[in-house]
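Here the structure comes first, spelled out in structure tokens, and everything after it is commentary.
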Amino acid sequence: MDPEAQPQVTWRPGDRITSAADYRASLRGRDLAVHLMGERISEPLDHPIVAPSVNAMAATYELAEDDPQLASAESDLIHAPVNRFLHVTGSADDVVAQNRMQRRLGQMTGTCFQRCVGMDAINSLFSLTYDVDQGTHSGYHARFTSWLAEVQRQNLVIGGAMTDPKGDRSKSPTQQHDPDLFVRVVERRSDGVVVRGAKVHQTGAVNSHWMLVMPTMRLAESDRDYAVVVAVPVGAPGLTYVYGRQASDTRAMSQQGIDVGNACFAGQEVTVIFDDVFVPTEHVFMDGEWQYAADLVERFTSYHRRSYVCKTGVGDVIIGAAAQAAEYHGVAGASHVKDKIVEMVHLNETIYGSGLASSFESFQRPAGNFENNGLLANICKHNVTRFPYEIGRLAQDLAGGLLVTLPGEEEFDDPEVGPLLDKYLSTGTEIPVEDRRRILRLIENMTMGRNAVGYLTESLHGAGSPQAQRVQIARQADLSDKKAMARRLAGIPDHH
Amino acid sequence: MDPEAQPQVTWRPGDRITSAADYRASLRGRDLAVHLMGERISEPLDHPIVAPSVNAMAATYELAEDDPQLASAESDLIHAPVNRFLHVTGSADDVVAQNRMQRRLGQMTGTCFQRCVGMDAINSLFSLTYDVDQGTHSGYHARFTSWLAEVQRQNLVIGGAMTDPKGDRSKSPTQQHDPDLFVRVVERRSDGVVVRGAKVHQTGAVNSHWMLVMPTMRLAESDRDYAVVVAVPVGAPGLTYVYGRQASDTRAMSQQGIDVGNACFAGQEVTVIFDDVFVPTEHVFMDGEWQYAADLVERFTSYHRRSYVCKTGVGDVIIGAAAQAAEYHGVAGASHVKDKIVEMVHLNETIYGSGLASSFESFQRPAGNFENNGLLANICKHNVTRFPYEIGRLAQDLAGGLLVTLPGEEEFDDPEVGPLLDKYLSTGTEIPVEDRRRILRLIENMTMGRNAVGYLTESLHGAGSPQAQRVQIARQADLSDKKAMARRLAGIPDHH
Amino acid sequence: MDPEAQPQVTWRPGDRITSAADYRASLRGRDLAVHLMGERISEPLDHPIVAPSVNAMAATYELAEDDPQLASAESDLIHAPVNRFLHVTGSADDVVAQNRMQRRLGQMTGTCFQRCVGMDAINSLFSLTYDVDQGTHSGYHARFTSWLAEVQRQNLVIGGAMTDPKGDRSKSPTQQHDPDLFVRVVERRSDGVVVRGAKVHQTGAVNSHWMLVMPTMRLAESDRDYAVVVAVPVGAPGLTYVYGRQASDTRAMSQQGIDVGNACFAGQEVTVIFDDVFVPTEHVFMDGEWQYAADLVERFTSYHRRSYVCKTGVGDVIIGAAAQAAEYHGVAGASHVKDKIVEMVHLNETIYGSGLASSFESFQRPAGNFENNGLLANICKHNVTRFPYEIGRLAQDLAGGLLVTLPGEEEFDDPEVGPLLDKYLSTGTEIPVEDRRRILRLIENMTMGRNAVGYLTESLHGAGSPQAQRVQIARQADLSDKKAMARRLAGIPDHH
Amino acid sequence: MDPEAQPQVTWRPGDRITSAADYRASLRGRDLAVHLMGERISEPLDHPIVAPSVNAMAATYELAEDDPQLASAESDLIHAPVNRFLHVTGSADDVVAQNRMQRRLGQMTGTCFQRCVGMDAINSLFSLTYDVDQGTHSGYHARFTSWLAEVQRQNLVIGGAMTDPKGDRSKSPTQQHDPDLFVRVVERRSDGVVVRGAKVHQTGAVNSHWMLVMPTMRLAESDRDYAVVVAVPVGAPGLTYVYGRQASDTRAMSQQGIDVGNACFAGQEVTVIFDDVFVPTEHVFMDGEWQYAADLVERFTSYHRRSYVCKTGVGDVIIGAAAQAAEYHGVAGASHVKDKIVEMVHLNETIYGSGLASSFESFQRPAGNFENNGLLANICKHNVTRFPYEIGRLAQDLAGGLLVTLPGEEEFDDPEVGPLLDKYLSTGTEIPVEDRRRILRLIENMTMGRNAVGYLTESLHGAGSPQAQRVQIARQADLSDKKAMARRLAGIPDHH
């Protein structure tokens, strides 16, 4: 649990990243323009607010080392094992394996480990560039796979960048008062394109090596310049990163760390501004094919909405924390306590079931890769927008009022006040009061602190807000079939 | 939709049943002691209350003919295709295929088609008799497979008989005031055993050819005589069947049938009394091995709780009916109507997802067959105890108040009153008022009439009542793992 | 519990009704055109399907005798005590007293006692006719109170008739393909008007003496002929009544009655057709004042949506039945059983709280009578559209599977089968099996049988379907105030 | 909204507090031992983390000035108007008025204003000391009213101190490993008593003038020393206050304050340690009467559980904030947005209804004061443990993902980054980006920041955790009545 205690690292740019230590090394010296709390922070991974998010991403490397079967796969592109987050799915089992890996990482970190967007983006683009090629002979697919093969070789982190600011939501990109409210190509050169705009809500951007920039919604012909997919190095000139401020984030600056709740791990949300960023042709995977934007978004959200089973791993942690708190409080045997834990498990596994079923029900795209069932993916995500809130409420129920009245660590460390607090918070058992404090601070962290962002609000809005799922469910539900079934059983003839 | 319009049938006892018509023929002439409405009914399938349940069972034969890939499978026992309801699962895909078939049959019938209990029972016993043999050299497995092979050859219906009356629920079988409140062996002869007792809530018993009698719960050593598994022909001497009376069941006696709602299909629930029924040794698959009773029940309920995805097929019908009603009423475009349909679909697919995931996550038993994931099966069934009620409520919402104030068919047929009703219930469109009536009566049938039994109450209590699932979820949730995850992230050392 | 065992009755038309026996007598000899099951039934109160609804209405007379403080009040119109259902509210306490009486009658009957619509209609019209008079000098208020005084003197039942068939819901009355789809004045004579049309979903119509016909929604100037309020005797020439067919209604025709569930009481829903019914001027309380239609509907639904606290009385019965069933089954002490009962009570009292609060928060109209708070009335009714379904689900949970597999009373009475059933359904206690059967049939009656109509579907649609409440809640919520509060606390200046 | 901009204050100890400014002055110079963030803070009201809680309490004085009818009442003790928080209820209307005042203060502050515990404590003790006197001639009632009269005269704040640490929850006070885990009398002197122990979760303690110390649960005879009720000045020697650390509390230390969300108001939760505090006899209102402890707790929780309608005032703010955010985002007209706001209002008013009904249904105690209905109070509070979480979830839904990815105010103020952020977060309307930020930070504050403590977790645990309400609901539901109603309707004779 001391992620900074790393061996000597000799990694250099271009080398394959072979460990979490290499990964950390790879983030140094990039001179990114990252703004946080009024400062441009030179090495984000050294900043106490950023570091926990680097740790969470690093866990994706650690798991690949510790459990390669779970977190790596054989790539058809480079004919070598690659981190599963960089793998193009070759079977339904591969799609399912993503879910198992996501749950495990949720359990390990208790937060968002930020690498799923890239995984889902490469799988969407793998099939989409292939399909675009069929119609347009664009050559995008070859470009894309060539780029991806190199990323696999170096074992890099890809972030996906989809969500534009959108301005006035009732207007299309070209109708906005400012044409930059969606990312667009502002110049086409012989050797590449120049893009401008911003992407908001970017998960793990600063911890990535590449960003895959994609359009965020269905486009019309007049939006042609907005139909752009490019890969951009995170350190490319013209990029500015503004770090979001979240609940209780400054707790990570405390020394001892009990009150942080989860001392090692947190998510990361950044606003990224593209101030005329040049992208060479070899990294342009769509430019102007507006007809395919909706399809790309649908494929991506299909993968990504089922990726939210990661929250069941986080759910395992919060259920465990609540059960542990009840045990520390001496009430683990009460029937209502046991019943609440069953309810939490039931809700958590219901999410898992719908996500897993979506992955199992995968089908093969003409490009050869496998894609999960879209309807069930939306069902999964829609459950994710509801159940974590109820799980969180039940965790707070089991935690008790001390969750929000607990004195801070300085008071417990105070020679005069500390012993009094220890005296009065003792349950007379061998459970140290510090352990009770730690578990309560973890539950606070996950339900109203820094990781509530990932467990609750991101569960609501990530991969599309609830209404986006409802729109998709309506489209995919095949109501005419269902109505025909009903008419048949009701004995209504087919005269309509 | 006229299931009785059948070709000439030449089936004779012992022949393979090759069609729904054969199946109907096989039910005739058995002289069962079936009691209903104060009568012993000679040919149940001719009774208007029973006939719809025969039709539902017959659909399992029809589907095997119409879609053999879905509803049949190659048997390793007889090396020939068999109805999937008689098949021992040879892969996870086989387990999944059961779910797909169940949903389809739910869509076709809008009710309980009654054949899942037998399917789940043979799969449980296939592995359990094998495991019992390992410990006891009982030879049960060979006996069981030999019997099953013959049933497969003849393509018969097996009903599973598990639920004893239980008497005082706080007492074990031997502690009851009457030792017969659980089925037991009352005599052991050289050539077989004699069993006495009753089984309640028997689904489709009268429509079956064989009953597989099994214990209903964990047994103690003193309950040895109750640890009995036998196969009994439905027509065996000593068996009495008492048909249950259900909501609106007499509507099936009307002539025109609009008010029945679902004119063709219904479920069947029977109380079966075993008045010293003799079972030859070759049909005895457990006798006294009380230690295995709990395991058998757990295997059976694991299969069976995920079999409740059949209700998503029924759910498809009710969703379709509600959508159709809204369309007939002219309100299909209202945003709240569309939103309610999305909610219904969401709940229905959530059930499907958890069931399907359970089946996909199957593992192989030493006997060779595959069994689904127990935790997810309980999750599936637990959702089934909740969501159909909400789906039903939403269907009633979309149906409107006419659902419960609609005049009866005699009034619509009345030369004086009928035209007035048609005048006042017209919406001015081409939709005949009769179609509106039919769809409303179908929704009534499924939410408060005869098939509400299957869609609602059986969803609650079949395969174990809600609390039974909660007990299993508590046992299978692996809380100690979850607590360890939480302690690790909270920084709590492993001193406990 | 033998409501037919009545003393000698000497009541004659025009006499004051002084007892339930008088009330029954008053229903005889009216030669109403009531159609049910293909017959015109001469004396509805003698028909086994209708009789239970007469009993429920009669309970409103019995309660006024047995507990006059609860169910009667001093009328300012006739300066004598009147049945509270005929009373114009003189204080907030009067409005609250209606709720207490409604709950009590729900407890007494376990169903809809059908007299609230009239009570809410007279209170709405009392103030509305007054307000119309202020603008139009119509004299409606005097006419109305004069008529009402006479009804009070005779202690008659008033039914309210509001819901028109509506045809195509996207069209106004005059836009329909048939102008009769809303009740309207088709002829104006010197001494009165002639009305034509129909009213659907009429609760208790056949059991009433008068119907107050009112428009069902907001009207436009072109709908002037539809803006009509009249009082019509139930036996007026030109009226046809078509009785609705409901779940399990024919059970009431069985002799012994155990399987009916609730042998004495049920609701009544009728379609009423007005085939050119003449109404003398003295009974016309609105004719053409289309501007007031929306206001009348709003006042009526405000009263009536809070009248649905009657369902908490029915809820008391179903909670009691579930608790009794659990006790009979021997599981009353299980913690999950106790917890489910608490949940049922919680939901039931939540409904009661919102209804009661609405009544307590009454305000005085210029006419002098008191009207409850509209927002809270909508809240109350909206809870009623949800909670009874969950209460019903929990009742079915506690009832167990026997609820839907229980044999019929003929089988229990059968000399051969009956003793076997009694043997196997015994719990070894002193509880007779018949008592268990009775309580299960009552729960069946209330959750999927005849009184499920009143407890569930009518809870959904009566006094307006769920969406109607949401529209009203949106209008009455005063969002601009709430937004201002938020802006103030967020420190947003008032520049908008 | 600048609560510190106060006129010159001349208040001196002993003077009547006549304004919020006087109140602030009264908190100065008390030299309390308050510990927070490793320091003993000399003047809490000057500490940026404490100040917002002082402002919230001060609002109770402001409202009494601005709307005396709502927030003050005529006292029978001093025959003068007093702040309603100090008033002994003289009618059901008085009890209802408390609810109206609480909602208004919730709307004004968006948080817990901390003065209800004292109000509910004085009303409970007013009747309880009277009842104790009847049995014991203790003279407590006279002592209590004498003290209260003086508090009314000076217009002071009373905090109620009930919740002991409790140690091992399966043990009584005397069975604990440390006898101090419940507050107790450790010494009885001729002129008073000495108490020792601690009270946790003390709301507003540091902002009060007096604490009313009460036992926390039912006591046995052996717990006699724990049956103690005393009034203690907040500045009494021997008292130590340890301030709790809550989510995002340090945001209050920022200068500009946009990111605080609610710049002015917050709650306060403190652990209070009683290190042998002397209490003179005149302030002892119970000492040893263990039989009355349960009754006192029940009266207090009855008042207090209905006091949680304050959360509907906070709910008004969060609903307003969500509606405002939707408007700023340009989506206020979307049907799903409007529907979610209706749902929030519905849930909020459902809470209000149950609380209000409880108050309206008040009864008079022999002491003369009025007490609300206990069952409905528990219903109200139980809804409070559920609905604010769903309201909060819906508010986050309407707020959008920006809620948790928004950059901090330093970045918006940065001359380089700020304009970029303003450019990209513009919606092209006249809505300043700063207003959007402010409303989002308010929603963050209320759902996962500092005031989430009051709106969510305190809603769960204050006045007793959910299970405490369920226990009371079970006791107050009168199941035997309900069972009798069911048996009667089922036709079950009274042989049991």
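Miscellaneous remarks
Labels for the chains are A, B, C and D, by order of writing; each one numbers its residues from 1.
Operating definition for what follows: a contact is a pair of C-beta atoms (placed from the backbone, for glycine too) under 8 Å apart; a residue touches a chain by one contact, two chains touch by 3 or more.
Source: prediction; values computed, not measured.
Overlaying subunit A onto subunit B using CA atoms gives a rotation of 180 degrees, to the nearest 5. Simply put, of A-C and B-C, more C-beta pairs touch at B-C. Subunit B and subunit C have Cα centroids separated by 38 Å. Each chain gets a centre from the mean of its Cα atoms; for subunit A and subunit C, those two points are 53 Å apart.
Within subunit B, residues 336, 339, 470 each touch two or more of the remaining chains.
If you check the complex, the residues on subunit B that touch subunit C are 35-39, 163, 165, 167-171, 176-178, 180-181, 197-198, 200-202, 240, 242-248, 250, 259, 269-271, 273, 275, 329-331, 334, 336, 385-386, 389-390, 392-393, 396-397, 400-408, 410-411, 413-414, 417, 420-421, 423-429, 444, 448-449, 452-453, 456-458, 460-462, 465-467, 470. Remark: subunit A residues 1, 96, 107-110, 257-258, 261-265, 316-321, 323-324, 327, 338-339, 341-342, 345-346, 349-350, 352-358, 360-361, 375-376, 379-380, 382-383, 430-431, 435, 438-439, 441-442, 470, 473-474, 477, 479, 481-492, 496 touch subunit B in the complex. Contact residues of subunit C toward subunit A in the complex are 335-336, 339.
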